[in-house]
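The structure follows.
As written, the chain order gives the labels A, B, C and D, with residue 1 at the start of each chain.
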Amino acid sequence: MAQQKPVLTMTGISKHFPGVRALDGVDFRLFPGEVHALMGENGAGKSTLIKVLTGVYGTDAGVITLDGAEVSFSGPMQATAGGVSTVYQEVNLLPNLSVAENIFIGREPRRLGMVNWREARRRATELLARIDLHIDVTELLGSYSLAVQQMVAIARAVDVRARVLILDEPTSSLDADEVAQLLRIMRRLRDDGIAILFVTHFLDQVYGIADRITVLRNGQLVGEYLTPELPQLALVEKMIGKELDDLGRIDAAAGRDPEAVGAPLVTADGLGRTGSVAPFSLTIRAGEVVGLAGLLGSGRTEVARLFFGADRADRGRLTVEGEPAAIRNPVAAIDRNIAFCSENRRTEGLVGDLSVRENIILAMQAARGWLRPVPRRRQDELVQRWIDALSIRPADPDMPVRNLSGGNQQKVLLARWLITEPRLLILDEPTRGIDIGAKAEIQRLVVRLADEGMAVLFISAELEEVLRLSHRVAVMRDRQMVAQLTNDDSLNADRVMRAIANSEQEGAVTP
Amino acid sequence: AGLLAGGLVGCGNSDTGGDAGDDGKIVLGFSQVGAESGWRTANSISIKDAAGEAGIELKFDDAQQKQENQIKAIRNFIQQKVDVIAFSPVVESGWDTVLKEAKDADIPVILTDRAVDSADKSLYKTFIGSDFVKEGRLAGEWLVEQTADATGPVNIVELQGTTGSAPANDRKKGFAEAIAANPNLKIVASQSGDFTRAGGKQVMEQFLKANPKIDVLFAHNDDMGLGALEAITAAGKVPGQDIKIITIDAVKDGMQALADGKFNFIAECSPLLGPQLMELVKKVHAGEEVPARVETEETTFTQEQAKAVLPNRKY
Amino acid sequence: MTTTPLAAPAARAWWRLPQRHVPVLATLALLLVMYGVGVSQYRAFSNVQVVFNIFIDNGFLLVVAVGMTFVILTGGIDLSVGSVVAMTAMVSASLLRGGMPPALVLVIALLIGPTLGFAMGCVIHFFDIQPFIVTLAGMFFARGMCTWISSTSIPITDGFWTGVAQERIRIGENFVSVSVLIALAVVLVAAVTLAYTRLGRNVYAVGGNPQSALLMGLPVGRTKIAVYTISGLCSAIGGIMLSFYTLSGAPLIAVGMELDVIAAVVIGGTLLTGGSGYVFGTVLGVLVLGVIQTLITFDGTLSSWWTKIVIGGLLFVFILLQRLVGIRTK
Amino acid sequence: MSTARTRLTAATGHRLFWPLVVLLVLLAANTVYRPSFLSVELKNGHLYGSLIDIVRLSAPLILVALGMSLVIATGGIDLSVGSVVAVSGAVACLYISEQPDQNSIGGVLTALALAFGVALLLGAWNGTLVAVIGIQPIIATLILMVAGRGLAQLITSGQIITINSDPYKMIGVGHLFALPFAIIIALAVTLLVAVLTRRTALGMIIEAVGGNAEASRLAGVRSRRITFLVYVVSAACAAVAGFMMTANVSSADGNAAGLWVELDAILAVVIGGTSLAGGRFHLGGTIVGALIIQTLTTSVYAMNIDPQTALLFKAVVVIAVCLVQAPAFRARFRRRRTPVVTPVAPAEKQKEQVPA
């Protein structure tokens, strides 16, 4: 990189919310033609820094310059006009509009002052095809899975051709394929001289693409480093602010001790739903972690929803502990000690208005019925325990959950289900947007819970994570369950990928 | 298309909407204001009963206090080719267009209860109803008479009807005109009680607190007067004596209060104009001459008169 | 690693209806059924003029409902429309009585509504106050202005006004009024605006999720202010149409109209929470109310209270069927 | 800084602070106009005065608004409360008027039970339409709003039913411990609703359903049941309000009873700080809202504001109420007054930076 002037600088940025100092005198700079990773634990202030930059929040103090001139955007509209294009952390698109509209709204192709929909559709299809997404762009965005929505959001931001591109955890719900796809696009844009600010919790992605890294901790700047000069270990230490012990290291063998697996707990027999998932059979045993692998939109979430009764199966049977169970709604599932941690925490998980405490207690309270409130003392106790266990920050149980950072929200959702002490825990992307420290914590937790006899259905876009934790891996493809592979030493990512790619060759379906 | 559809459904059972006169009956389309008061309901019932007795087929429409609805109803009457249209206008103005349509369709129109302010008097045949201004004036004149020898000021509070409604406007006007004759008479407070008992009571409560000396209450209808009665009693005053009460309408409860000595005077506004209306409808249909204005038979009541007539009041 | 492209979508058959149009079409079908019932019950119902009358009598309602559609699409609500309609008619009538030339009166009358709408939109946006309360205050204000101008109704005798009011546009043996043409023009302009302009799309975006729309860099504030201004404008047009219709301004006219209007919009399939709906649906909603009203007048045997009960009942049956059809097709 | 000041900021930050200020300003304006406005005297062992009137007259509105708060908290709305008021009042009065002895307590209690039962049915009807059939609340309750008023008039045959029953009258104008009985009923119902929602988990669950219905469903909340329940509660509250309103004038007027009360109730809820979008609800705020509305009406009469301009006056006050309440509005003024917070000196910490 030549001696260049930064396209963007932020100096002495401070921002506080009631009770929280989210940013405290943070400096940040971004050069043209670089990918700059912004790193930090959950709640470190990454998203806040981005929102301050694009004018979503005002600052308490600090100066922002763009191309040397001081700027103060009044909102994303101005920021976009000023050449800063952003994908915010939670997918912030419009589910009630079509995919094409979501991509082009605000800058629709026009003819004679009228929006030219034909052109918009054509260009949208083309744009998505370039990132290997072949979907009907006239369908409502809301009808697609979260991952597809995220891809659409990226397509929208990338198409703007701004000077500065900001991506706040764009990869958290993407498969390896899509991630690779995205990194390729980022490289291309970087080579075109665009400055990219990239937030992620995946270290391999950072080391795969970032030229420079800035680390935040507790709203304060730790430092700015060139990637090659900062070893992974050092980076993690800087993020968490203490010496690294054996963080992130899970004893793979302990994760899937076949001895611990007990009797069949839940069995799906030809379970299916028209237009959603083809009938499948799957048995989950007590103490067993079953992973679901598959590409984006392959139907993993749908399988989970059928187990939980979130969608009603229209064929097949479910048996719980040998007894037929008609699970037609979540209440019935919860009655049978099944818990489901959904992937889209914002729309299907949390109630933003309610406090952390109320969100954590919600499922337990719902199961007891409203007439028997959980005693306040017990609530405080439980909530405090899980706030500590998952290190939810800020550790204020009365904070409205919408004010928490993305990763911390995810932990709250997890805590909600853990306090119900389920026997089958369905986790759909539980580590989405969670920092590496917490992620390791959650993985350890899954292992421990399984050891204690809990059955877990584990869905994650990270194949590696699935492989590490699961006793068995069920493979989904085109909304069909095409294989069930026992996770012995011979199983690796490659074999799973092959199973996904063509099901015919994999015959290893375990009953 | 009309023919075809008519032929197709010719066997439809309740074919009441058919062209009039099939069985020689006169068809009267009547659009009522609504059912906003007991008075109005009595009015509707009177019209329905009278139509039945007179052998007139009545198409009754309730406009729910909306002029738009009345205009719609009249249009539909025209479509149904009724013989005569009658209606009680919600407001005075704004009827020319639709009345012209009726005239073009050769359907005579009779106004009931309230007049319209059309410049073109040929748009309707006649008007039958009461004169709100006159009612207010009668009430005022009685008061002037009663207080002829009063030396000091006489404080009056007024309970108006719904702000902007014709009876409220006219009764207020008539009353004000009449009491101008005696400079001692002074309206010290005037508020809208929305023609309801609850409204009358609530307003009167505040009047009583704000005005230490109230001699007379004039309420635009009996209901507000009846509500005010309770407020007066609750304040420890004797209605009819400490505070004289004058109202308009003469509904049964009002007459009872008058007979009991709680009210002092009521100007009648009779809702029972059904029989008179049916007479007019027949005449108009037969093409006979009718007077341009027919006033309903109305009177006023004092406490003694009320006692005498109360036992055989229908309404 | 191999990239397996996701299955390409099956080519859509040309006749397959887009999912989101199904509710509107179901509503249309039900409306036709209801009309059919009327025709089979009452002979005169089949006159074409009956249909035209529904348009003539509900023209102003339609225009106001179109404005309301914009507001509801953004997830807001405008309670002031009925009063603004009345105020516009009142102001026109009183200005005309004062001898002002009709052209000038038209301009002034057309300005009042949007101005009030703009003001309300600004309060809603800049001070972040719930639309319900702001427009309720607007409703009190406009109605207060009506009674303040005059507590009695003011007739309009102006030549232009009476001319327009009584103008009959013949279509065969039947006729429509000028108002019908105005209403249709407004519907057309609104439909095009919603479907083909940025403003229109922003309206849907704000209704879908204002937070997201903001983060996507859309002019949320401007859109919000715009819809209340549009609603004000539509109310003003509706007010003028009403003054053509009744040739007067009356202080108590159009009381409770906001409810009819909101009902029409919602029956037309627009979600009260915003983000989904069509102007065409609103047209259907207005027609549903109009047909119910007409059915009841044609019957002519109902007492006042049965009228209300039957209106409620018909509304219920209609909504229920609409809902069931909606579920079936899902 | 002194603790007095922090206590002040704590007070002004309280949700109820600004609505209460508005209420006090209104009362003060009345007192300036007529100094005896605030005086409360004991007449025949009953408290008597404008203040008492205000509270007594707002009692029915408070009841209706309490039910409405819960409905609104679930993200719904109930337009039919006015009609339920009319129906319940009509049923009760009709039954009493047909009793040989209108003063019999048993008869009155039966009438109340009957009317209450009818109201619960109406509430269940609303609840079914919204929760089971899934009709948008505004339309679902609009049906009953229109038809219910017809029903009330059908029951009364369009007439005003006048009754002469002292026990029934007690509900509206009676006194207990020198206080109007209506106030005591309102207090009791308020307490009941507060206990029901805040001492059990009902309140939280309602807020969860209103805040995010899908998330609540997936958390195992029987959201339909809750939605159904709030409409029933709303109708029950409206029924009691109906008893109060009809007892106040000892007559049932199918047409006028409870007319437009739905608007007032919604307004009270909104003034009280509950969002129409659903979620958090504030019963205390609702009550203050109802008091403000009634004070406003009473002020018009007490200050003898010309009925022609009364609505303008109301418009001004309503706008003022919501403006002072809006944080965004106050922030605009505060920003001008208080200086910008001086940035805290960056923490003494070693920062590393690499050259560009």
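In this text, a residue touches a chain if its C-beta (ideal position, glycine included) is under 8 Å from a C-beta of that chain, and two chains touch if they have at least 3 such contacts.
Chain labels with UniProt names: C, D = Simple sugar transport system permease protein.
Everything quoted here is computed from the prediction, not taken from an experiment.
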{"item": "Contact-richer chain pair (by C-beta pairs counted) among A-D and B-C", "value": "B-C"}
{"item": "Chain whose Cα centroid lies at the greatest distance from that of chain B", "value": "A"}
{"item": "Geometric centre distance via CA averages, chain B-chain A, whole Å", "value": "70"}
{"item": "Centre-to-centre distance between chain D and chain A (centres being mean Cα positions), rounded to whole Å", "value": "42"}
{"item": "Chain B-chain C separation of Cα centroids, rounded to whole Å", "value": "33"}
{"item": "Distance from chain D to chain B - Cα centre to Cα centre, in angstrom", "value": "35"}
{"item": "Chain D residues counted as touching two or more neighbouring chains", "value": "153, 158, 307-308, 310"}
{"item": "Multi-partner residues of chain A (each touching 2 or more other chains)", "value": "none"}
{"item": "Two or more partner chains touched - positions in chain B", "value": "34-35, 41, 44, 163"}
{"item": "Pairs of chains satisfying the touch condition", "value": "A-C, A-D, B-C, B-D, C-D"}
{"item": "Contact footprint of chain B on chain D as seen in their complex", "value": "34, 36-37, 43-44, 48-50, 53, 57, 153, 157-160, 162, 173, 245, 248-251, 253, 255-257, 297-298, 300-302, 304, 307-308, 310"}
{"item": "Parts of chain C lying in touch with chain B, wherever the complex brings them together", "value": "39-50, 53, 56-57, 61, 146-147, 151-157, 162, 165-166, 242, 245-248, 250-256, 293-294, 296-305, 307-308"}
{"item": "Sites on chain C touched by chain A in the complex", "value": "1-9, 12, 18-20, 192, 195-198, 201-202, 204-205, 207-209, 211-219, 275-276"}
{"item": "Interface residues, chain A side, partner chain D - complex", "value": "1, 3-4, 6, 12, 14, 24-25, 27, 29, 31, 60-62, 212, 220-226, 229, 308, 310, 329-331, 333-334, 340, 342, 347-354, 358, 361-363, 365-368, 370-374, 416"}
{"item": "Residues of chain D touching chain C in the complex", "value": "75, 79, 129, 133-140, 142-154, 158, 254, 263, 266-267, 270-271, 275-277, 307-316, 318-319, 322-323, 325-329, 332"}
